[in-house]
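The following blocks contain the structures, represented as C-alpha cells.
Common to both upcoming complexes is subunit A, partnered first by subunit B, then by subunit C.
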Partner chain A sequence: MSEHGGYLFPNDLHILWQLMIVMYPYVTGLVAGAFILSSLYHVFHRDELRPIGRLALVASLGFLLFAPFTLLLHLGHPERCYNTLVTPNLSSAMAMFGFIYAGYMTLLVAEIWLVHRQDIIMLASRSEGIKRTFYKCLALGVYDVSPESRKVDHGVLLILAGIGIPGAAFLHGYVGFIFGAVKANPWWSTPLMPIIFLCSAIVSGIAMVIILYSIGMKFSNRKIDAPCMQSLARWLWMFALISITLELLEIMTLAYEAAEEWEVIGPLLGDQLAFSFIGIQLILGAMVPIILLGIVVLMSRYLTDQIRNTLCFVASLLLLVQVFAMRWNVVIGGQIFSKSMRGFREKYTPELFDKEGIALAIAIFVLPLLFIILFNRVLPVFEQPEKQLSTGAGTPSQ
Partner chain B sequence: MPTTPASDSDCGGCHACTPNDGTRRDFLKQGAKALGASVATIVLCDMTDLTKIAEASGATPRRPDLFTDGYDWTKHRYVYLVDIRKCIGCGSCVRACSQENNVPPAHFRTWVERYRVSRTGEAVIDSDNGGMDGFEPSMTGKDITKAFFFPKLCCHCTHTPCVQLCPVCASYRTVDGVVLVDETRCIGCGYCVQACPYGSRFIHPVTHTASKCTLCYHRITRGLTTACVQACPVEARMLGDMKQVGDKVAEIIATQRVQILQPELLTDPNCYYLGLTKEAR
Partner chain C sequence: MEHAKHIIRAVLLLVIAATLFVLARHFAIPQSFGVYGAYRAASVTEHAAKEPQHGAAGSCAGCHDEQADVKAEGKHANLSCESCHAPLAVHVRDDQKVGPMTIPTPIEVCSWCHQKLRARPEAFPQVVFASHVAEHDETMTDSVCLECHNAHNPSE
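After this line comes the complex of A and B, so read on.
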C-alpha cells in the first residue's frame, strides 16, 4: 500500500460504523447462539443439557431485548427508525431487522412462557396479594397442569423451538449477510460471511451460557452438573473448531488467490489488525480455548469436576473475547482501508462516554445480565426438582 | 395452544378460563387479522420497483416542489462525461459545487485527484482538500512519466448498490437517471455510504443524513447545467442527456472509447470518462 502513497478518498477519512455496530452482531449472535443451544435440549432431546435449557432461553431473551439499542445509538436519526417498518426496502437486508426481530421476539416469549407455565401456576397458587395477581396475569388465565396439558405444552414447545432454529439461523445469518452483501468492500463481500457469523454466534452463545451457568450455580450454592458441563464443552469445542476453520479458510483462499483485494487485505491483517486479528482472534481467543476444551473433551476421565469447570469457564471467557474480536475485525477492519484500496484511515479508538462509546457498550452487555437476574427473581431460571412442581401445582382461588 | 379452554374441573371454574376466554380469543383473532393485513399491505406496496412504476405511468416525482412547471422527467436521461485529458486541476468545479450545494467542510460531492505515475507504474496520488484549492507543484522523488488530474463524483449508477441497500427507501433513482437521497426519510444508518464503491457518499455532519452529488437536480430540472460543469474553464466536465436528439455527450458516448469506473462491479455507472488509464480507479 505504501508504494501508492497511502491515498484515501477525501470522504473516507473517518470510521463510520463504530463500536455499536460491532456490538450489534455480537449481541444478536449471543441471542441466536443461546437459542440454538436451548434447542439441543428442547428439540433434539439432549437430556444432559436440561440444567441449562431454561437459562439459555432466558439469556437469549435478555440479549434480544437490548439488541436494538446498539442500532438506535448508532443511527443519525433514531426517531425515524419506524421507517424500516413503514417504508421498508425489501431489497435491503437491513430493512428486515424490524420484522425478523418482532417475529423472533414473539416466538421466544411464547416459548419461554410455555417452559415456565407450570412454575407460573405454582407460584400463583402459593403467593398472595399483588404478587398473586401478577402471577395470575402471567398465567394468561390458563391453570391446567394436568399431564395431558403438559403433553400439549411439550408438543407446542417442540414446534416453536423447531421454527426457532431456522429463525435463529436467519436472525444471525442475515446479520452476516448485511456485511457479506456489500460488494464495494472486499473484506466483507463473501458468501461465507453469513455462515461464519452464524457459527461464531453459536460459539458465543454456548460460551455465554457456560459462564452464566457456572456463576449461577456458584451463587445459589448448587453443584454444577458434570454431564451437562461436559456436553456443553463438547458442543462448544465442535462449534469453535468449525467457526475458526471457516474464518481461516476464507483468509487462506483470499491469500492464495492473491487477487486485487489481497493487496489491501494482506496489509490489513498483517499490520493494521495484527494485534486484534492475530493476537486476539486467532491465538488468545481461538488457539488457547480450543486446547483447553480439547483437554476437557479428550481427557475427561482424568479430570476432576473442579478442573473441568475451571477449564470450561476460562475457555468460554476467551471465546467470548474471540467472537468480539472477530466482530471488531470485520466491522472496523472493513473500514480501516479506504475504498481507494490504496491507503488506511486513522486508527479507531472508541471514546469512553460517546453515543457509541465504551460505557454504553458495556451497559448494553450488562443490562441483559441484570435482566436474567431479575427474571430469576420472578421465575426460576434453573429448573426446580420435579416433585416441587407436582406438590405445588394447583389453581389459585379467587 | 396454551389458551385451549380447560374444563371447569381442571381449574376449579376460575374467572380466567370462563366467559372472558372467548373474548380474549376474539381479541387475538381480530389482532392477528389486523396484523396480517398490515404486513400484507406493506409487502404488496413494496413488491414492485417504484421507479419502474413511475417510468411506466409518468407519475409525479417525490419532490414536485423541485420542478418548474412543464418539466417532464420522462423526457430526460442524464449522463455525465469527464475528459481527463482536459482537466487542469484548478479545483473550480469543487469550489462551485461546495458553494452551490452548501457542502460541509472536509466533505465532498465532487473532488479532483492528482495522479503522478512513474516509469515503473508506481502511482503517487493526492487530493488535498478534495482538490478544492488546486494543486501545489511538488516533487515526488520518482521518475514520473505521466501525470493527470482525475475529477470524480457520484456515478449515478443504474444498478446502484446504495439504492438497493437503503433500508427505508430514502435513496432512490429518479426516472431521469439521477440518484438522490430523501433527507426527510433517511435514518442515517450509513449503509449506503458503505455500499458505494466510489466513496461518493458521506453522512452530513449537521443533518446526520446521507449526502451526495445530486447532479444539481434543482438546476438541471430548470434547464441549467450543473455548477461543476458551468465552472469548468476547459470543458473537462460535461452534462449530457441521452434522450435529446443530437446531444453532444450522447454522441461522444455512442462513438468514442469511453470508460467507466470499476466496471467489474456491474453497477452500470452513468458517469463516463475519456482518457482513463490503467492506474486510475
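After this line comes the complex of A and C, so read on.
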C-alpha cells in the first residue's frame, strides 16, 4: 500500500537533502581546512609546521577529488553532470560550484606540483624505463634544481598560496552561504552561517591532518615532531574555541531574541536534535576536546611527547565527530521542522545501502585516504631529511 | 626567465587545457541553448508538440453524468476524475473510445490523500488505515474502503 504520494500540500514531508548533503560540506570543509593549515607553513612561514606542509596539501587534494561524489550521488544522473560545467547558470548559487571547484583544483594541483618538483626531478634521475618517463613528464621535461629555480618556485608558490587562502575561504564560505541564503528557513538563514562553516572547516582540516600525521609517523616508524604537534594543538585549540563560540552565539542570539522562529528552533535543538546537538556537537565533540587541547597548550611543559600525542589524537578524533555532527544538525535539522513552523516530521535515519546511505558515505571518506597512500607511493607525502634529498639528485639526461 | 622554464611550460599546459575545454564546450552545448534563458529553447516546441494526456475538468461528465452528479454533491466535488482514475487519453481520443478506463485500487488511491501524516493539516480527514479498518471490524483488502464509503461522494 502506498503510504503517501499524489498530494500537493504540505511540501515538508520528505528530507530531500540527505546524508550526502551532510557529507558535502564536511568533505569540502576538510579540503579548505587542510589547505589553510598548509598555508600557515607555505605563506606565513610557521616553520615548526614544516613536517605537515605537504601532507596538508595532499590531503586537501584527496578530499577535493572525491567531494563531487557526494553531489553526484545525491542528484543521481551523473552522466548529466557535465551540463553544469558547460552551461553554467550565472544566476544560480549552486551552479557557481563548478567555477569555484575547477579554479581551486587547478590551483591546488599547481601548488602540489611546485612543492614536489625537487622530488620529481630526483626520482626521475633515480628511476628507469616507464617510471623514468612518468617522472620526466611530471617534471615537464625541465630538470632545473638550481637555487635560482627554487627561488622562482618559491615566488610562484607564494602567489598561488596567496590566491589559495581567499580561495579556500570562498570555497567553504560559499558552502555556508548556500544554506545561509535559504531565507525561508530560520535555522539556516543567518549571515553567520558562512563564517561558522569556515571556522569549523578549519577545525576539521587541522584535526584530520593531526590524525593522518600521527598514523603516517606510526606506520613509517618515525618520530612525531614535538614542536609541530604542539603548534598544531595550539592552532586547533584556537580555531575550535572560535568555531564553537560562534555556533553558541548564533543560538544564544536566536534564544534571546525569542522571535517566532524560536518556537520551533528551541524544541528542535532541545528535543529533536538533543543527542546530536547537545550530546555530540556541544559536549562530547566540543567541551571534551577543548579541555584536552587546553591541557596540551597550557600545561605543555609537564607533558611527555607520548601524552601530548595521545591527547591531540583523541581531541582531533572528537573534533572530527563534532564537525560532522554540526553539519548533520544544520542540514538535517533544517529539514525536520515544517517551514510553516507548525511542527516536526518524523526523525530521519539514513539507510545502510542506499545511494545516500551510510556505506557510501564511509566509502567517500575512505577513498581520499587511499588516494593519499597511493600518492605517497608516487611522491613522498612526508618531506625527506635534507641529506637524503641531496644525494643522487642530479640532472638526468634529457 | 632562464630558470622559469618549467613555469612557462606549466602555464602553456594550462592554456592548452583551457582551450580544449572551450572547444569541447562549443560542441557540447545544444544549438538552441540560451535563446530564451538558461535552457534549450527547442525543448519548448518539443513539449508543445506532445499530445495532451489529461482532459479538462468536466470532460468526463458528457458520458458519465450519473457519477458526475453524485460527485458534485460531495466533498470530492472539486477533485478531478483523473486524480484517481487514469488520464483521459487512455480511454478517449478525439471523442472516440480507444480503450477501457483503468479502475484504480481503492486502498492505494485513498491513501494518497487520507493516510495519516504528521505534515498534513490537522482538520483534513486522515486515518491510520490499518487501525481504522480494524476499528470497524473489517478485513484489510484492496477495496475495503468501499465497504463503507462511496468513492465519488465519501460522506454518502
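Definition applied: the second predicted complex is superposed on the first by the 383 of 398 C-alpha atoms of A that agree within 3 Å, B and C clash if a C-alpha of one lies under 4 Å from a C-alpha of the other, contacts with A are read in each partner's own complex, and residues count from 1 in each chain.
Going forward, a residue touches a chain if its C-beta (ideal position, glycine included) is under 8 Å from a C-beta of that chain, and two chains touch if they have at least 3 such contacts.
Just so it is clear, the model here is predicted, and its values are computed rather than measured.
Once the two complexes are overlaid on the shared chain, A:Ser146 sits against subunit B and subunit C alike.
Using the contact criterion defined above for the overlaid structures, shared-chain residue A:Ile130 touches neither subunit B nor subunit C, since it reaches no partner.
Of the two partner chains, subunit B is the only one touched by A:Trp17; subunit C is not.
When the two complexes are overlaid on their common chain A, residue A:Glu346 makes contact with subunit C while staying clear of subunit B. Set against each other, subunit B and subunit C touch different numbers of residues in subunit A, with B touching more. In the superposition on chain A, contact is made by A:Arg117 with both subunit B and subunit C. Contacts of A:Ala181 after superposition on the shared chain: subunit B is touched, whereas subunit C is not. Of the two partner chains placed by the overlay, subunit B and subunit C both lie in contact with A:Ser338. In the superposition on chain A, A:His74 makes contact with subunit B only, while subunit C stays out of contact range. Common to the subunit B and subunit C contact sets on subunit A are residues 3-5, 7, 9-10, 12-13, 85-87, 89, 91-92, 113, 117, 139-142, 144, 146, 149, 152-153, 156, 338. Interface of subunit A with subunit C (complex): residues 1-7, 9-10, 12-13, 82, 85-87, 89, 91-92, 106, 110, 113, 117, 139-142, 144, 146, 148-149, 151-153, 156, 338, 343-346. On the subunit A side of its complex with subunit B, the touching residues are 3-5, 7, 9-13, 16-17, 71, 74-78, 80-81, 83-95, 97, 99, 113-114, 117, 136, 139-144, 146, 149, 152-153, 155-156, 178, 181-185, 335, 338-342, 395-398.
In the complex of the two chains, the subunit B residues touching subunit A come out as 1-4, 6, 10-12, 14-17, 20-21, 24, 39, 42-43, 46-47, 106-108, 111, 113, 122-127, 129-130, 161, 164-170, 185-191, 193-203, 207-209, 265, 281. On the side of subunit C, the complex with subunit A involves touching residues 2-7, 9-10, 13-14, 24-25, 28-29, 33-34, 38, 83, 107-108, 111-113, 115, 117-121, 129.
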